[in-house]
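Just below sit the structures, each encoded as structure tokens.
The following pair of complexes shares a single chain, chain A, combined with chain B in the former and chain C in the latter.
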Partner chain A sequence: MVKTKTDPVRWLKENLFSTPGNAVLSIVVVLVVGLFFKSLLEWSFTKARWAVIPANFRLLMVGPYPLEELWRIWASLIAISLAAGFSWGTSTREQPLPRAPFVLLGAISLLALVWQFGNPSGTLVPVACAGLVAGVFIGRAIRTENRIHYFLWTALFFVCVILIGFDFGRGEVPSSLWGGLLLTVLLSVVSIVASFPLGVLLAIGRRSKLPVVSGFCIVFIEVVRGVPLIAVLFMAQLFVPFFFPPDFPQLDKVARAIIGMTLFSAAYMAENVRGGLQSVPSGQDEAARAIGLSATQTLFLIVLPQGLRAVIPTIVGQFIALFKDTSLVEIIGLTDLVGIGEAVRNNPDWLGVTREIPITLGVIYFIFTYSMSLAAKNLEQRLKTSN
Partner chain B sequence: MNLTKKDLSNAPKIIVVEHLNKFYGTFQALKDVSLSVQQGEVVVVIGPSGSGKSTFIRCLNRLEEHQSGRILIDNTELTNDVRNIDSIRRDVGMVFQSFNLFPHLSVLENITIGQIRVKKIIKTEAEKIAMELLERVGIPEQAKKFPGQLSGGQQQRVAIARALAMKPKIMLFDEPTSALDPEMIAEVLEVMKELAKSGMTMVCVTHEMGFAREVADRIMFFDHGQIIEQATPEDFYNNPKSERAKLFLSQILGH
Partner chain C sequence: MLTSDSQINMATRVPFYRDVKVLAVIAQVVFVLLVALTIWILGQNLNTNLKTRNLSTSFEFLGRTAGFQVAEGSAFGVPFSSEDSYLKAITVGLYNTLRVSILGIVLATILGVVVGVARLSSNWLVNRIAVIYVEVFRNTPLLVQLIFWYFAGVLTLPKVKEAAQFGGAYLSNQGFFMPWLVQKPDSISFLPVWIVAIILAIATFVFLERRRVNLGSNEPAGWIAIGVLFIVLVSGYFVLGQPLELDLPRTTNFGIAGGASLSPEFAALLIGLVVYTASFIAETVRAGIQAVNKGQWEAARAIGMSYTQTLQLIVLPQALRVIIPPLGNQYLNLTKNSSLATAIGFPDMFNVLNTAGNQSGFNLQTMLIALLVYLVLSLTISSFVNLYNRATRLKTR
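Coming up: the complex of A and B.
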């Protein structure tokens, strides 16, 4: 489409003041929005004490995680940056290199060098950014098969969990010390990764011809969907220990929360996937069977790939919801990002500081969820061109 | 017209159907259908819609289950035994009215997936076979595209190549040209004619009179789940014996 230069006055007339009713509506909306932003900006430049954020930045990011063990987080972060860059680089190999992301990374690095994110080790941010850039160039240079990415990310997942929690001769970092954004991301990533295959299996099970299998899946899905997440989280705390012998080392709170959220999310995932499976025409199944593929091969090679493709937006929406729902773990005594925010707000040193924290948390949540949306859009676009 | 009629007198019977009955609930879709098809024979099945002709050929590779009677494909009986069904499906290729290509796979992958997963042929060999088949159906240049990027006629030719890749002994065609725009029907029929002349055993549900006259060895007229009439194309089109066949022919030839 050719972009034509429009006269701003005419544009206003056509779009905002076309009828008297529209004109009134436009004026009211502009006034309300304007007033809101005026007071917001006034407040944030005069009254707001933004110093609360840098002063508590480490707390918001990792909670009470011990300072001398922070290298574990940094190592994980740098490894993830490298891998993310690599995957991004390989998937965009055919396209010209975009400039905007690199400018953004440069700006973040510069900011980190100047301000250090309230922490001396903030100087490692540029290292992570450099890792990402290096990953992109490695990814563009090397010919790889798609399979490598699955291996890479699965391996990385376990490496990070080990890095964050395990003993390296100087004591482990117990999960009670995990908090802030670290805990939020950890809870949601593990729950998302675990609930996806579980949900797919439940969806397949629900379609099974064996009454025992389909019955179990239906009961599980309907019961879990009928219970609020808060109740599921409480039950996971109280009931998971039942399933282990008394002398067995008990699962910690974080693991129990993950189990609860995984089961909860899997039930919703199952229904989404079932919708996708139903959208695949029966002719696909018949054609696959007619060339001799077995029922299992037909499901995994023909029906499931098409069914999942159809529900990518729904699935991502669910993942975004799960990411935000992790904030509910506060009620079982875990201090995720929101929990830490509350703790900072109640800190006597920062009495009277109320709005700054929620605004910051909102921005952080938005960055994460919007990235997920963008990634999903990108994935859909790529699958569409190959279809 | 068809001057070189095949000599089928010594050919073995590759499809034998005896007293086949098929019900959907209380509705009887097939009533006591019996017939046999010889190797290399081309049978065209015609009849009004709802007459059971599609149901009949879908029974031949067990996409539909029959309730009583016997179906023998190359001397193997179709029963609930999964091994029999799998081995028969390897020998019987099928082409559908709505193509049913796998939209998430490229043309080449559509043709190789069965070879690789069912016949365990290595990928490079399977791709070689697929390219030969695409040559045969006349669209080798489309190999890397996805089904959604092809015209209906091209998609149906890919579907024929996909079925042929399994090296079937029998090919079933379920109204292969009914979903096509008129200008694309000819290209698909051309491929089917070539296939018939190469000696493939074919059972085709189709209303294409020209095709039936040119390559069919036998016409089977279905109505209300029964075979009403069987004859050579010349006999059937020129002097149908049953009233229902006469009525049907007058309806489809009338305009």
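Coming up: the complex of A and C.
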């Protein structure tokens, strides 16, 4: 595609003033949007008390997580950035190294150094960024199989969960002390990971030719999908303990929330996976049976790998939805990002500060979900071209 | 190798453990047994737990006095007081859920279609704003948006005494108030006129549409139907001796009285649901319009149709087929999301059920009711969507 430089007057004429109606529309929109941004800027520079955010930054990020145990989170973060860099590096090995992301990482590190000088986050953010860069170079240097990513990330998932919660001589960090963004990310990642096998099983069950099995799966999927998540969460909080023997140790709130979200997410996962399985042409199935594979072999070696591959972008989309939906745990009294935000808003020290916190929370959620949706789009494109 | 006939027969007969039909039955029996075993174990645990905690499983509490006030709404017209039963309180909650859902669905559809069409506009500015709108509201949690609309939006409006006022309507932190037509005391009920008018308008529309399809005539059926509605309403008003009057809201010592009002909670919930859902509907509409083959546009323009005619008669009917199923899903989501009302204290059904459960201790029963009612609502909406789908399906003869 040849990109020609158009002069601004022509561009304006073509894009904003092509017809009289369009011209009027443009002017009205400029006026309305201008007024909106003027009052927004005026508010955010004169009336808004943005100090509430830095003052409660640690709370928003990790909640009441004990200060002396924060190294666990930093260690997980550095491990994750190394692994992310590694995966990124290996998957782009054939392409030239882009410059923009590194400039961005450098800028973030510099900002953290200047803004938080002397604080642990002032040194650890650059370390995490350096880990990411190191990962990229390691990934580009080493020849690996694609399969290593699955092992790496599965292992990392367990390592991080253990690192964040378990006992290392100085006692464990109970889940009641997890909070803020940490809890939001943990809830959504654990739930989506746990719901994956369940969802695949349900999807297979729903496609089963055995009426009892498919009937059971259909009823489960449709009932869960017909009920709001908040009802599922409340039910999990109230009734999960009822289904365990009385002498069974009491599950904590976070675990119950995870159970609820996993069951909820599994029903949606099942429908997504089913879509993927249906996209595998029936010739694949017939060919596999013709060369003598059993029904189980056909499913696990032929149909599932292809179906799941096709459905990866959809699963990212579901993860985005789940990530947003974790905010509902605030209503059942957990201190996730929104829960902490509400606690700060109700803090008498910050009386009258109402807009700053929801706006900041919105921005944090947006950064996560938008970058994930860009990644999903990218992935979809790559899957399309590789087929 | 020599084999006799009978041996061959023996060999070709499939043993029962390799017979697909027998295997299927066995697999199902095993599955049923496993499920039954799980349910039995869970049921046993549930039973012992219920016994040790002294919880009952009967629904008789529904008849007891609720003892709590529901902030707004009525049991479909019958006012509610705290002396009424739990069942009635739950009915009020259901009424509130339906109220906000139906209003939300209508408004979200309108806003969503506008934004979706704006997203395809050739005007760069309009296009960009629609994109920003969609991305911002789709990518942030509804709960955060609701908290924003309620605590940072509606509640920060001026107090009643200083309420913003335009054209007889008031905007204050105690809600929105606007002039409304109400029944005059001692006058003939106007409700039948509404019913007759709506039925006549729908009949006109259906008749004209049939005629259009059969004869190819070209009346603007929608406009004529709206005209019929309007004429019937106005003539009914005069025939019944002007039974309606305009009720203007006015400030009193206790707040604002008269007219129609939206409570702050209702307003925030409605705004939140509409703005959030519209961003999803906009994407659905955009995808639907883009799914229509470009050749359809070009062919319609080539046979001399105007832009509006093309959109109305060629593109939209085809786009609708793509749009309707996901749109139905969005309606379902909106209805389910209305349960977030709990976060801002609007007494929707889930909130009322939760309060009732906590207060009476019959949490198990109230949650079961919630489950059932939401399921019924979901099934109702999806069956409406399926009906529409069937009616507009491509008819291949």
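To be clear about the criterion, the second predicted complex is superposed on the first by the 371 of 387 C-alpha atoms of A that agree within 3 Å, B and C clash if a C-alpha of one lies under 4 Å from a C-alpha of the other, contacts with A are read in each partner's own complex, and residues count from 1 in each chain.
In this section, a contact is a pair of C-beta atoms (placed from the backbone, for glycine too) under 8 Å apart; a residue touches a chain by one contact, two chains touch by 3 or more.
Values in this document were obtained by computation on a predicted structure and should not be read as measured data.
Q: Applying the document's definition of touch, where does A:Ile73 land relative to chain B and chain C: first, second, both, or neither?
A: neither
Q: Is A:Ala236 touching anything from chain B or chain C once the two structures are fitted on A? First, second, both or neither.
A: Neither: A:Ala236 stays clear of chain B and chain C.
Q: Could you tell me if A:Val30 is touching chain B, chain C, both of them or neither one (first, second, both, neither)?
A: A:Val30 sits against chain C, while chain B stays out of touch.
Q: Considering only the touch criterion stated at the top, classify A:Val338 as touching first (chain B), second (chain C), both, or neither.
A: Only chain C is touched by A:Val338; chain B is not.
Q: On chain A, which partner's contacts cover more residues, chain B's or chain C's?
A: Touching more of chain A: C.
Q: Per the definitions at the top, what is the overlap between the chain A residues touching chain B and those touching chain C?
A: Shared contact residues on chain A: none.
Q: Which chain A residues qualify as touching chain C in the complex?
A: Against chain C, the touching part of chain A is residues 15-16, 18, 22, 25-26, 29-30, 33, 209-213, 216, 223, 225-231, 234-235, 238-239, 241-246, 320, 324-325, 327-328, 330-331, 338, 341-342, 345, 354-355, 358-359, 361-362, 365-366, 369-370, 373.
Q: Once bound in the complex, which stretches of chain B touch chain A?
A: That would be residues 61, 63, 86, 89-90, 92-94, 96, 98, 100-104, 113-114, 117-119, 146, 148, 159, 162-163, 165-166 of chain B.
Q: If you look only at chain A, which of its residues touch chain B in the complex?
A: 281, 283-284, 286-294, 297, 301-302, 305-306, 309, 383, 386-387
Q: Residue numbers of chain C touching chain A in their complex, please.
A: Going by the criterion above, the answer is residues 24, 27-28, 31-32, 35, 42, 45-46, 48-50, 52, 122-126, 129, 135-136, 139-145, 147-148, 151-152, 155-156, 332, 336-337, 339-340, 342-343, 350, 354, 363-364, 367, 370-371, 374-375, 378-379.
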